Each structure stands twice: as structure tokens, then as C-alpha cells.
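Next up, some structures in C-alpha cells.
What follows is a pair of complexes built around chain A, which joins chain B in one and chain C in the other.
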Partner chain A sequence: MKSDHELVPVHEIMDEKEVRSLFEKMNITQNNLPKIFTSDPQAKKLSAKPGQIIKVHRTDFGNEYLYYRLVVEG
Partner chain B sequence: MQAEIINDIKFGTIAPEQIKKLSVVKLNIPDTYNEDGYPIDGGLLDQRLGVIDPGLICKTCGARAKTCPGHFGHIELVRPVIHSEFSKIIYMLLQTTCKRCGRILLNDEQIEIFKAKNKEILDEGFDSGHIHDEQSEEQTSSIKKLKNLKKCPHCGEVQGKLRFSSPTYFYIDERRLRPDEIRDMLEKIDDSDLRILGIDPEASKPSWLVLSLLLVPPVNVRPSITLESGERSEDDLTHKLVDIIRINQRLDQNINAGAPQIIIDDLWELLQYHVTSYFNNETSGIPPARHRSGRSLKTLAQRLKGKEGRFRYNLSGKRVNYSARTVISVDPYINIDEVGVPLEIASKLTVPFYVTNWNIEKAKELLSRTEYPTILNMVSKDGKRKRILDINREDLLKEVQPGHILERQLMDGDIVLFNRQPSLHRLSILAHRVKVLPDKTFRINFCVTKPYNADFDGDEMNLHVPQSLEAQAEAFYLMEVKHHIFSPRDGDAIITNSEDGITGMYFLTKDDTYLTNDEAAYLLGIAGIYELPKPDKNGKYKGKDVFSMLLPKGLNFEEKTKRGDFVIKNGILQKGVVTKATYGGGNRLFVKIAMDYGEDVLKTFIFVSSKVADAYVTLAGVTVGVKEYAPNSKLQEDRGRIIRETLDNASSMVDQYKIKKLEPLLGYTMRDSLERMIIAELNVARSKAEVSLSKNEDPTNSAMQMTFAGSRGNMLNLEQMTMFLGQQATLSGGRIKRGYYTGRVLPHIAPNDIGPTAHGFVTTNFYMGLSPIDLFMHGVGSRVSEVYKYLLITRSGYLYRRLSNALQDFYVTSDESVRDANNNLIQTIYGGDLINPVNSQFAELEEKESK
Partner chain C sequence: MAKKSNNYNVQYGEPVGMIAAQSVGEPGTQMILRLFHFAGIEATVTTSGLPRLAELVDAKKRPTTPITYVYIEDGAKKDFEKVEAIAKKINEVKMQNIVRRFVENFPKKRIKFFLNSQELEAAGLTSKQIASKIEKLFEVEAEADEDAVTVRLQTTNMKIIRNTGVRMMRSVISGIEGVGKAIIQQDKKTGEYFIIATGNNLGAIMDVAGVDKYRLYTNDVFAMYKQFGIESARYTLAKELMHTLSEQSITVDHRHLLLIADAMTSSGTIKGIGRHGLSGQKNSVLARAAYEETVKHLINAAAFGEIDPMSGVTENILVGKLIPLGTGSVKLAMKSGDTSKVKKNK
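== the complex of A and B ==
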């Protein structure tokens, strides 16, 4: 599922396989990621559950780059 | 290293039983040593409390001075006293509980309501990690009401009026409560009621707040010092404890002798005073206990508190070895990556010299020297450090062998870190090469003052000597000055010439600068160049050609500047003058040199060109006096014309406004439109003045030339001195309005005048002097800018500090992501675009050249 607001970079929930390979590639655990609250408008729209990882397609410097956030209760 | 995670910290008060358990000795003699100078048993330096003198053995643990941790003792107080630091809590407890039955002054119903509201905390207990304050908002407000309750809801006892007088006096209906009475009351309070009041009965029973046993710290905490005269001087805490025991003893004797109650009460109160000041000698309401000399004693609280207390002074603040600090001064003949170190400092600081088979000859040579540079210490393989003195030098010379480490005095070429506080960015600490010099100040090149934000009006700087080879290598590869010529903020050169150096370069490279053979040779000689460029047919040397000799061979560079094109072809300056812009600040000459020739060549260019520039200003002589600011007739004419035009335009706008014919700006009222239009008109006047000044450029006017070179002064300064000051701004950006209700700023202005001069447009200049009204307006403007400056600095300085602290240990990993010290992922790609601002100008130049 993806968000589609014109002013907000695209957010999407990652599936487990993708998450596992990300953690392996980056040599991190989920606790090393920035957080996003379940009450965040984008997380709400995706109805994200705590523990899931949201992938953000940011373009604020021209080229697209990815950003990952851990969904937490709040 | 991964630190252990602390889950929680719990503070409580100490129980009398715990004191007994901790204590190894009961102290009852108010003295330290007997006549033989031996510690008295049961005195305050009883040997069971631990040993600190070398050679003695602890009577408790059998260990020697260095290993004995010290042991606590105790004093049994014959009458209990209140712990003054807790008297506020005692007061709260007495207020909220019944004086007879000890129950909380809430009825059962209220207790239930309260328990329901704070169920979580009360069920899980105080170990659950809830912070105390979180629960207390409602709690304190409901408990505060309790002090007004007249009758206990449980036993019906009428509650007397409680009064607390700082630090340790409690009264009920104006009858003084004795500490033992208070203890009895506190003992009666039920554990479940204590939980409601926010006290964990497991960790601290309220009755423990009334002391009957006093814990005495080991001698390690209060060491006595032996003065040179052989006299012993005791620690302040020991003095205080002596007082406590002495009064305690007298109280005991008086009680046993059946002394009158008044005497007993007096002594009791004195005991209370000593115990109170033992904990905190600055307790309000009591006079501080003093030494014979009149100095007040430093007791427990004073040891911990404040800037010089244990926390801020000893725990947060640490001192550093292998470092030096002194005043800095300039030396234009020292390279930009060098630092001049006074011989006095260089002969105290050391660098390890690792002895090997290959350098043992050199080691012996240094070791045999008696004067600088020599070896100060030798560390043998087993880690023993020996000081090298004239008497043992010969022996050690035989002893030295590969594997030993010698501590060598600081010498030319050693790598050191140089720092000026406040260290606001990474350029505040750079690695320099040592240059040992006479005199007592650190010397640095003028070009490196900018990154440190240093000047020479008494600034001091710190120097650190990296000891391990790893540290030296790290400093060399990451922190050397030449790697930091470009600022990490925007990629502009930050280590560069400025001020006089710019003036010199500007005059040297002007089109009409010609030098004699002697002059050219002198300048190039300073730069270390011993050949001359081609002279012209008159035998003179063009300034531009002399400058070109300093440039790297074969350099090609071209750029448009405010002062026309700047063209270097094949290492020769063909066209244009060097200004501030050439030395960074937009122009990319430095970037070009760094890109094509490398940092070392750029470093040399900055150093050499600054020496030549300084030499040339001295040679040419640039003077600024009042005559530089005297407007010539042409300028005066322009000034009159511009002011007349401006005032005419403004007054016609005002006239239009007065007959309501003014065309308002989109989205503004007519009044606001007028205001904006007048401000716009006044700004036009300023730019007109600027144009007029530029048109009347005078090559003999040093002030003007310096402005064009960019070394000192700007167009606004010139305008304000020779033309007019212009509109004085307020904090909000509008014109000055404050003053009388008739809309005038001063009584000398006509009521309701909305013209330019009535609201801070100053038509006079600094050369002719300001008219009284103009002076006032200028004062308003000056004050505003001063206030603004203050607001900006305090606010932005603190914002920047918080930001840089938050970002301080982020780093870019090999996969181009940004992590912090705990491997948290901050960014997946550095900056989102992998662009390092230091190199951004390189990229832009490359792009431009490829076109």
C-alpha cells in the first residue's frame, strides 16, 4: 500500500522479506531506525502497526533516496 | 564500547540499623590525636576508620593505605535531632496526617478515589520506573487542602495549628515540638498512607528523618594535612564532627547529673545546630559555622554543590596532560600549517621516542645531550618510568636498548593539535607543525585566524600533543590545516588572506602599478623566488607580472568579477585585479588551484602571497585620514540633487495621500501603501547615492580603494560619511514612529508630519556632522541595531550549540549512510545527495569548465 499526497513523499509499508534484507545489508536492528508514530497522518493512512517498517521515497535533494522508519505506538 | 544500560536508580534514606551495620566503630571522644601524636581510640581519626598514611595497616581490613577503602564509624546522639535537609518533608507529613492516630487526613471514601486514580503506581510499587513527579499533579493539590482540615476523619481528634519555622523548628498551637515527639508522630504513620503521600516505606521510613545515630565518614573522605611546619591541620568535616561529639558529651553529662531542663534544652538545640551545619553550612535561618580565621566551614553540601563542587568540578571537568596554553600573537613569516611554540613550553612537553635497532644511535645522541633538545624520561620494557637527571644520565645511556620508550622534548615538525575556545565547529581544532621559537607566546600565521575566530588582543589558545603514533597519524591525515582551507559550510575558502593582505594584493595587481628592479626583487625575495619577470621597455616591472610569479606554473583561469574580468593565462595574470573575491567569497581561483595542483600548492600560494601582499602594502603605504571622506564638489552637487528629488517625490506622495488620491498597493490600505512607497523611495535614494559614488571613483582616495578591494569598509560606510545617513530602521523594519500622540517623534517636528525627515530619514552625513534631530534619529537606529545584535547572538548561539551537540558524533560509513555512535541509521545516503559542501565548489567549477 502506498500514500499519495502531492505534498508528502510516498510512504509505503515494507514486507517482512524486504525488511530482513534491509537489516542485513545495513547491519542494523529495527531499534537503529528513526521512529514514526502510529498517529502520524501517513502511518494512519497506511494503517501501519507498531513494529512494521515504513519506507519513504524522499526527493528533497533532487534525486530520490530512501528513508526507513520504525512504526511505534503513539 | 557498549555501555551497560541503567534501568533505574532509587534514592532512599538510611535506616539506623543500616548505620549500625555499616559502622565499624562507635566514636565518643571529641579529639583526634593524643599528646604523642597517636590517633585516639574512639576519636575522630580512630585507626579502624581506615588508613591514609603510607606504611600503616588498617585495623579493620588489614590493607595498606592505597588499598584500604576506608570504613564508616558512627556517633550515638543522646537526644535525637532533625535532619534539616528533610525538614520540608517532615512538615508535609505532619500537615497531612493526624497528630494522634497517625492516619492520613483523608476519609475512607477519598482514599478509595485516590487509589483508583493512581492504581498503576500503587499496584506496581515504586520500582516500576514511574517518575515521581508524574503522579503528583493532582495528588499535591488534593493534599495541600489537608492542612486546613480541623478534625481527623478517623479518630475525630481536633488538629492543632501546625507551624514550621526554618530550618528545624515545629510548633503545634505555638508549643515547640521536641524531635522525639516528632519521631513518635512519624512512626505512627501507616505504610499504606505513606504510599498515598508518594513515599516508598520500603526505601525510607519517615522516622529515619529524625536522627539518633549519625554516620561518620572514613578518614579518606576528610584527610588531615601536615603543614610544612610539622603542624597538623584537620579537614572542615573533622572539625564539625568534633563539635558534634563534644556537645553530645556535655548533653549526656548534664542529663546524668540531673541538670535543669533549660540547660538540657539549650544544649540539645546546640547539638541540633551542629548537626544541621554538618550537613549544610549554608542552611537558611542559621548562622554559618566559622573557622577561627572567620572563613565559613565547607561541610557536606558545600562539597557537592555548584561550579566548584564535586559534580561540576571533578566529575564533569577533567584536566589534560601533554597540553599547554598561552597568549597568541601573529607572525606572517610562519607557514599557515605551523605554530610557533615558546622554547619554555617545548622543553616541558614530550613526545614518545620508540627505541629500535634502527634509531638507537639517534636515541643515544639525544639522551647524551644536556640541553634542548633532549630526553626527559625513559620508560623501560617493564613499564618503569625514570626521570633523566645529570647524575643518572651516564648509567641510563648504557641501559637504553630497543623496546624502551624515551620521552623526547617537543621539536620542530612535531604534530600538535591547536585549539581556541569556544570550539564551535570542527575548524576550531586543527593540526599544526611545531616551530620552536624564543619568547613566550604561541605564534600563528594571520591567515589561520578566521577558522579559530582569533585575534591578538590577548586571546589565549591551547595546544595538545598527540602521544601515540595512531593519534599522530590521525591528526596528520584528518586535521592538518591544508585539508581545511575550504569551509564545510559552503565550500568557500576560510583559511585565506584578508584586510591588509587584500589591500596589498589589490594595489600590486592594479593596471598602473609598476615596480623598480629593487622593489620587484625585494618582493620576490620575500616569496623565496630568485628570478625576475620580463621588464617593460622602461626597465620597470608590472605589478601583475610580479604577482604572476607567485602563481603555479601554467595555471589557466578566467572569471567575471565586479571589478571586470579576471584572466590568468599560462600562469600569467593578463587582466583584472585581485580583490577580496579572489581570495574566496565566490571567486574560484583557490578552488582551481586546489583542483589542478593540490592542497600543498594552494597552501604555499596562500602563505607566499600573503607575505608579498604584506610587504607591498608596507612599501606602497596606504593611509586613511579625514580627507578621504571630504566630499568633492561633484559629490556635493549629487547629494543635494538626490535629497531634493527624494524629498520632492515623497512630499508629492504625501500630498496625494492627503487628498485621498493615492493609488493604493494591492492588498494594502492607503496609509500602509504610503508608508511602503515612502520607504521604497528612500531606498532608491540610497542606491542613487551608491551609483554617484561609484561614478566618482578616485584612485587616490585610499578609503574608496579599500572598499573596492573589499579589504575594509563598504559602500554604505562611504555613503554615510560623504553623502547622507539615510533611513534609520526600527526593529520591526518600519520607520520610526514612537513619540507624541500627535504622531511626532520629537517636539521640534510639526504635528502629523508624515514626511521622510520627520520619521528617521537622515539627510546629513558624518563628515558635515549631524543636525540635532538627525543625531536623535541616528541614536534610535543605533540602539535598535545593538538590541537586535544581542537578540540574534544569544538566540542563534544557543540554537547552534544544541544543534552541534545533537549532531556531534555522526559519521559517514563506507556504504555512504550516516550513523551515530550506537550504529543508529540517521540517513541512508549522506545529505540525500552525497554532496560534501567542501567539494561542492569543485563540482561547480568542473561543470562550468566542461561547457
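== the complex of A and C ==
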């Protein structure tokens, strides 16, 4: 998978099952997550709706990990 | 290897934010207050040092010196002439840059622009192109001579003619609006050419044929946010912080800077650190009151019946409780009725 820009990691909408297991594993609710606006270019591209969770495949200096953002209206 | 590196993971309850703040703050005191740095070329001066650092951390909407780095697609990036052609498309040329002077002829409803032929040649334009561009922009008739353009207007109203003339002088004839000079640079390592442009208008630059959209970059964090989203803004922020610090040969671990960038972008938009940003929007009333504008926060909290969850550090120090950091972040509780592990007193 390749995103459309060097500095943009791959974004992906999570399905509900995945979200539930994530919350259980991390012992959090969706309010603990960082946010992303629906007007964000990347969220627009995925046509994400408020309440959904976007999984971000980040790479920081060769260190690969996942980051999650809650889609909010804005 | 993996096992070894896992031994160095951050422990639970470690105050990473505080460590990050101290790690950036201490070298920050050693920075030169105002240093002008020429990025290898004349004419592009970027703010650097402490003013730039403050600009980034405060999330200023527009940097003082926005600069766009335009890279060229694989096929043409080592071909100087092709790169030059793209640079000409980007380089903003206003009418006033190429016109020596303009003369209005009020009774004949005409404005005559005398062109500066040297500037014209440098911009790669002809008087015919200018005439047709003016026709398109202002919906008037324009005639091109050797070194002049004559515009015919419909009215004899002196005020309107003068105003149109001034407006025409300010209009962008070629290139992209919002971009100033475009200068071609060569990467010493790879030998490829790229363009450095002052100002930014990412959306328009992306539409120029031959530009590598994948590597387009600007030091304006908000412009990156608008064009590519919050994740790219975070990287840009961290990258710019790193660049500003390393320029003055200050080495700060990148994880501190990434953490700061993470904190600033966690709300979905870019928030500065300070009264109007992160510190001013904390959950706790006491933490906010302890920072700045004490009375305002306390009165508002009292008037609206705010509740302090007492989950942060500041408010817990304030009331003399154990702070939720390190060993303080762990609480022990006993299951009610479960006394099997309790030693019985004889």
C-alpha cells in the first residue's frame, strides 16, 4: 500500500469487530483516542463518518506501528 | 535484538511529556536569538533559531517565511531545461514586474503599458501573451505591439480607467498566485534539480505538470494540514522542529519532538502550546487556574458548576495528593470479602 504523499501514512477505516477487540485489548473507550475531522483530506478520501475509527500505519524513522484516530464532525 | 530493544521500552507511568519538555527547553536556552540563515542561495531567507521554534510551537497560522520545495518527476529531474520550464510556470510574474510605466489616455479610453524587454525575456513571455492574458482576465480588448500593450476600455470615466490600470498592474500574468520567486537548486548527492519557491499555494503547484506530488513539501504546517491532512501536519511539525534545532547543531532525540507533534495534533487540528492551545484547554479547572489567568478560570468554573476530575498532576500537587505518575499511578484495591491472602491474627 502506498499513500499519495511521502509524509502521509496509509489510512484505513476499521470495521466494528476490529474496533471492539482494540478497545478490549487497550481497556479504553473511543473518547480516549486522538481525533481526525471529517473534513480532513485523508478522511474525505475514505469518506469516513463520525464515530468510525481510522487506523494509521505510521512509520517513524523505520519504527512501524499503528495509530488510531476517532472520526469527529468538523 | 528485538528482545534487547524491548528492555529499553518506556516504563508505565513514566512522565514522557515532562521529559520531552525539558529535553527541548534546556537546549532552547542555548539557541541564538536571531540568526539569519541563507539556505545555500541568495534571496531566500528563512527564519530560524528561537523565533522559528516559537512559531512552530505556538502553531502560528502563517510562518513568517513560507517556502515550498518542489521536486520534479523522475523523467525530467536531471534535465535542467525541463526543470527551468516548470520553474517558469510556477514563478509568479505580476504586471508590475514587467511594466516600465503605464500611460492613460482618458479621451481615447486607452491605457498603454510600456514593457521592460529585459524582464520580459527573463520571464519568458511575449507581449502577445500578455495582451491575451489581460483580455481574458478583464474582458477588455488589448493590442500587442513590440514592447507595449494597449488596452481599450468602454468608458470615459476617469476614475474607472485609473482603477482598472492599477488593478491590471497588480494582476498575475503568469505563474501561480501566492508564490514569489522560484529558484532552481541542485541536490549535491543525487544530482537532481528541484525548485525552491517562496510562499505557498500547494493546490495550484500540484496541478502543474511534471511536479512530483509525492514529495511536494512546504515549511508551512497549516498548508500541509489543509492539503494532505492531520497526519502529514504532524510529520511536518516534527520535521521542522528537528530542522530548526539541528541547524544550530542541537541534538534532541526525535521521539521527544514526535511526542510534542503528537500532542499538538491529537485534537484533529493543530493546537499551539500555551494559553489558547493545549494548556488552556485542559480538563481540570485547578490546572488551568494554576497556569495563567487564574481568576478568570476560577470564576467561570464557579459560575458554571464545573467538576474537576483530579486526574492530572498539577491539581493533585495543589491539594497535596499523590500525583498519578510513576508508582503513584498504580492503585491497589482488595476484592470485598476476599480474605484468603490476608494473614490471620492469632
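As a convention for this text, the second predicted complex is superposed on the first by the 67 of 74 C-alpha atoms of A that agree within 3 Å, B and C clash if a C-alpha of one lies under 4 Å from a C-alpha of the other, contacts with A are read in each partner's own complex, and residues count from 1 in each chain.
The rule is short, and it goes like this: a residue touches a chain if its C-beta (ideal position, glycine included) is under 8 Å from a C-beta of that chain, and two chains touch if they have at least 3 such contacts.
Keep in mind that what you see is a predicted model, and the values were worked out from it rather than measured.
In the superposed pair of complexes, A:Asp60 makes contact with chain B and with chain C alike.
Contacts of A:Gly74 after superposition: chain C is touched, whereas chain B is not reached.
When the two structures are aligned on the shared chain, A:Asp40 is found in touch with chain C, with no touch to chain B.
Here chain B and chain C are compared by how many residues of chain A each touches, and C touches more.
In the superposition on chain A, A:Glu6 makes contact with chain C only, not with chain B.
By the touch criterion defined above, A:Ile28 lies against chain B but remains apart from chain C after alignment on the C-alpha atoms of chain A. Contacts of chain A with chain B, set against its contacts with chain C after fitting on chain A, overlap at residues 34, 58, 60-61. Of all the residues in chain C, the ones that touch chain A in their complex are 213-217, 224, 226-232, 235-236, 239, 254-255, 258, 262, 265-269.
Against chain A, the residues of chain B that register as touching in their complex are 815, 817, 822-829, 831-833, 835. Partner chain B is touched in their complex by these residues of chain A: 26-28, 31-34, 58, 60-63, 65-68.
Looking at the complex, you find that chain A touches chain C at residues 4-9, 11, 34-37, 40-43, 56, 58, 60-61, 69, 72, 74.
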